[in-house]
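Letters are used for the chains, namely A, B and C, taken in the order the chains are written, and counting of residues starts over at 1 for each.
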Amino acid sequence: MFSFRNPISRAFATLALLLAVFAVLFPFVWVFMESIKPASLGGRPDLWVFSPTWENWNEVTLNSDVPFNILNSFAIALVTVLISLLCGAPAAYAFSRFRGFESARYSILAAEMMPPAILILPFFLVLYHLKLIDSQIGVIAAHLTFVLPVVTWFLIGFFDEVPRDLENQAMIDGYTRFQAFYKVILPAVRPGLGAAGVFGFVLSWNDLFYALLLTGNESRTLPVAIAGYWTFRGVELGKMAVAILIAVIPVLALSHSIQKHLIRGIGGGAVKY
Amino acid sequence: MQLKYKFILPLALLLSAVMLYPLAFSGWLAFHEYRLTRLDDVHFVGFENFVLIATDPSFLNAMGNTLIFVLGAVSLELVIGLSLALLLQKLNILRNFSRSILLAPMFVTPIAVGLMFRFLLNAELGVIPHYLSKIGITVDWFGPDLALFSLILIDVWQWTPFMLLMFLAGLEALPKTPYEAARVDGAGPWLTFSRITLPMLRSVIVVALIIRALDAFKVFEYVFAITRGGPGNSTETIMYYIYQTGFRFFRMGEAAAAAIMLITVILVLVVLLVKFSQAEEARK
Amino acid sequence: MSYVRLEKLRKSFGSLDILHGIDLEIARSEFLVLLGPSGCGKSTSLRMLAGLETVSSGRIFIDGRDVTGLEPRERDIAMVFQNYALYPTMTVGQNIGFGLKAKKMPADQIKKKVDEAAKLLNLSHLLDRKPGALSGGQQQRVAIGRAIVRQPKVFLFDEPLSNLDAKLRVEMRAEILRLHNELQATTIYVTHDQEEAMTMADRIVVMKDGLIEQVGTPEDIYFRPATRMVAGFIGSPAMNFIAGTGAGPCRIDSALGALKVDAAVREGQAVEIGIRPDNVTLAQSGYDGDNPVVPMTVKLVELLGPRAIVSLEHASGQAITAVVPYADISSFRTGSQVDIMLAVEAMHVFPVS
C-alpha cells in the first residue's frame, strides 16, 4: 500500500483530515457553548463573548421534566434490549448453526430495514384501542420492531466465529445441545452480546418517530422532549443544548466502548472481509 | 418439534406479534376507508386509496424529494467516506484519535443533529451564516433552493461515519501481497487504487450502499426538526408525507397505501441494485 | 471379540453419497488409524461414531450396545478435535473437569481426577491459566487431558496433530502412544499423514471415496498393498507404476520391455506393475541375473543427504523414480545414461479395471 512520501501531498492529506475532524467537532463545541451561555444571550451568533454560567444546566436538571424523560428513555431502551437479547441470541445461534435457515437469516435483515411508516399506523391504532397510548409498554413493543432484528442480525456474525467443534466437544462431554449453548457458546460470545446490547440500546434511545406518536406526558422519552424545545427557540436554546448534551454524551461513551465489535455485528456474517 | 425450531421460537412469536401482524393490518388498512375522525364509518374501498395516493401531486413530490435525498446523500457519503478511510489508512499519525472522533456522529440522536444544524445554519441567528457573512458570503441554507441540499449535508455529517467504519474495516482486511506486487510492477497510486483496492472492496461497498440507502429512505427527524417539509413542500419526504396523512389529517387508509407503495419502490430498487452488482460480478 | 463395530454404515447429504457402506470391527485396546486423502470419508465416519453426524443407514455398536441413534453424550466417548475446541472462557482445570461436572461428580473428586490427569500430561502448573495463554502443544495436551479424565469407552482423535509444527508433532505422537500404552484405551485416530499412521497404528484403515480400500497392520499396508490406490498413496516418494499387458503366466509386456513377475497374469490382461523407488537400484552397484536391467536417462537428482531421489526416463517416455545412495550417483548429471535394475520380488501387479 502506498503512503504519502511527498511532503506536500502529505500536508494536504493531513489538512483534509483535520478539516473533517473540525467539521465533526464544531457542532459539539457549539452546543456546549450554547449550554453555558447566559439565557439573556441565547441564540446570539457570537461564539465566545460571554461569561459562562451553569444556569441552563441547573434549570434543566432540577426544574424540568428532563430527568423524568431520561428515566423513561433508559427504562424503555433497557427492557427492549433485554427482551431482544433473550429472544435474539438463541435464534441467532440457530441461524448460524443449522441448515435450512438461509432465507430466514435474510428475512431478519429485511425486518431490520422495514420502514417504520408502514408499522406505525397499526401500532397506533392497536395501542389506541388497548388504551396503551402514552405507556412504556407501547413504545417497547414498537422499538422491538427494529431492535430485535438488529440484535439478532448483529449476533449471527459472532456465533459464526465460534467453532462448531466447541459445542460438539460439550455434547461429547455429556451435555445436551441446549446446555452446550448456554454453558459454552454464550460465554464465548460475551463480547458480542455486550456489543449487540449496547447497539440496540443506542437505537432505542435515539428513536424519535415511534416515541413521538406513541408517548404522552407519562411516558415521554428524551428525544421527544428535545424536539419539544424547538418551538420556543431563542430563549430556550440554552436549555435545548443541555438536553441535547445529556442525550448525546452517554451514547457516545457507550458506542466508543463497542467500536471494534461494530463491524462484525453490522455485517451479520454476510460481509466477509 | 425439532430442536432447531425451538431455538427460533421466541423470536418467531415476538416478530409475528410486532411485525407480521402490523404488516397484515397495514395491508388491510390500505384497502379501507379508515379515518380516525370517522371510526364509525370504516368500509372497504378496493384500490381507491392507491389511486388517490398515486395521483396525489404531493405524494409524487415527496417521492421525488426522497429519491433525490437518498441519491445525493448516499453518493456523497460514499465518496467522502471512502476518501477519509484512505486518508486515515495512510496517515498513521493521529489515526486512533481522529478515527474515534470521526465515527461519533452516527451515534448521536438524529433529532439532536437536526436541531443543532437548524440553529447553526439559521439565517438570522446561526453561527455559520454569521461568520460567512463576515467574509461576504450570504447563503440562505433553508431557503427554497437549498433546503433539500442542506438536509442532504446534514445526513452526510451524521452518516458518512458509517461508510468510514465499513471501509476502514474493509481496507484493514485487504491482503498486502497484491500491493507489493503492484509496487514491484511499477503501478502508480491511481492505478493501484482503481485496479486493486476498489475491486477488492467491492462487496463491502455494495453492502454499505444498500444499508445506507435503505436507512436514508426513512429520513424523518431532520425534516421534522428543521423544515417541516417547507419552504412550500420542497423538503417533504415520504416519511413526513405519511406522518402528515396519517397523524395530521388522520387518513389512515391512504397513509397505509402510501407506505405500501414506498416499500414496493424500495424493493424494486434493492432487486435492481443486487441484479446490477451480480451482472457486474459475472462480467468480470 | 470386537469392541466397536460399524455395520454397513452409509452417509449421504441429499443426493451426494459420502460413505458407501463401511464395515469395520475394532478390538478392545486397539489403536486404529483411519487414513486417506481429504474427502475420503474418514472424518465423517469418526463424527458418525461420535454422534455428531446422523447415520443415513447402517448401525454402530460400542461395547455390545447399539448406539446408532444415541446423542453424543449418551455414547461414553471422548474426542480430541483438530482445533482442540478448548472452552475459551474456562481455565485449563475447568476445561478438563467440565465433562465430569456433566456426570454430576462431587467437586472434590473432580479436583482429584483433574490433578491426576494434569500430572500425567505435565499440565499441573497451568491449571489456572486460560487456554488463550497456552502454546499449541500445551493446548493439545489440555484437549487430551479432557478426554482421558473421563475414562470413556472409546477415544476419538480427529487429525489432532495437523495444527502443530513438525517437531512438536513428533513429540506429541510419542506422547499419545505413551498414554495409549499406559491406559490401554480403545482409540480411533483419523489422519491424512501416512507417517503418523505408520508409526502409531496397530491397524490402519485406508479409505478412498467413501469406501475402505484395505485394513491391515502397517506392514501389510506398506509391503502388501491390496489395491493400486493403497500402493500409490502409501510411501514417499510414491511408488512407480508401469503399464503393461499379460504375455503368458508370470510375463508382462511393458514400456520397459518384457518383465518377469511373481504373479499369475492372464494373456492379454491389462495390468500395472508397481515398484517402490527403494527397489530400483543402479545396475553397476551389484548385478543380479534374475532381475531385468533397463537403460535410462537421468532427468533430475535431488539430494536428501546420504541418499538421493533420482528421476529417470526411459526411451519410451516411461518415467521411473529411484532412491539410491548418493555415492552411487554423484558423478551423474542430467542427461547421463544409466542402467537400472528392478527387483522382481518387490514388484506388485495390479489389474487395470
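Heads up, the rule we're going with is that contacts are C-beta pairs under 8 Å (C-beta built on N, C-alpha and C of every residue); 3 or more make two chains touch, one makes a residue touch a chain.
Here the structure is a predicted model, which means the values were calculated and not measured.
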Lowest number of touching-chain links that must be crossed from chain B to chain C: 2
Dominant chain pairing [most C-beta pairs in contact]: A-B
CA centroid of chain A to CA centroid of chain C, Å: 54
Separation of chain A from chain B, taking each centre as the mean of its C-alpha atoms, in whole Å: 16
Residue ranges of chain A touching chain B (in the complex, touch as defined): 1-4, 10, 13-14, 16-17, 20-21, 23-25, 27-28, 30-31, 34, 43-47, 83, 86-88, 90-91, 93-95, 97-98, 100-101, 104, 111, 113-126, 141-142, 144-145, 148-149, 152, 177-178, 181, 202, 205-206, 208-209, 212-213, 222-223, 226-227, 229-230, 233-234, 237, 240, 244, 247-248, 251-252, 254-256, 259, 262-263, 266-267, 270-273
Residues of chain C that touch chain A when the two form their complex: 50-52, 71-73, 75, 77-79, 81-83, 85, 87-89, 98-99, 102-103, 146, 150
Partner chain C, residues of chain A touching it in the complex: 163, 165-166, 168-176, 179, 184, 187-188, 190
Chain B - residues contacting chain A, complex: 3-4, 6-8, 10-12, 14-15, 17-19, 21-23, 25-26, 29, 83-84, 87-91, 93-94, 98, 100-105, 107-113, 115-120, 125-127, 129-131, 157, 161, 165-166, 169-170, 172-173, 176, 179, 183, 189, 192, 203-204, 207, 211, 214-215, 217-218, 220-221, 224-225, 238-239, 242-243, 246-247, 252, 255-256, 258-260, 262-263, 266
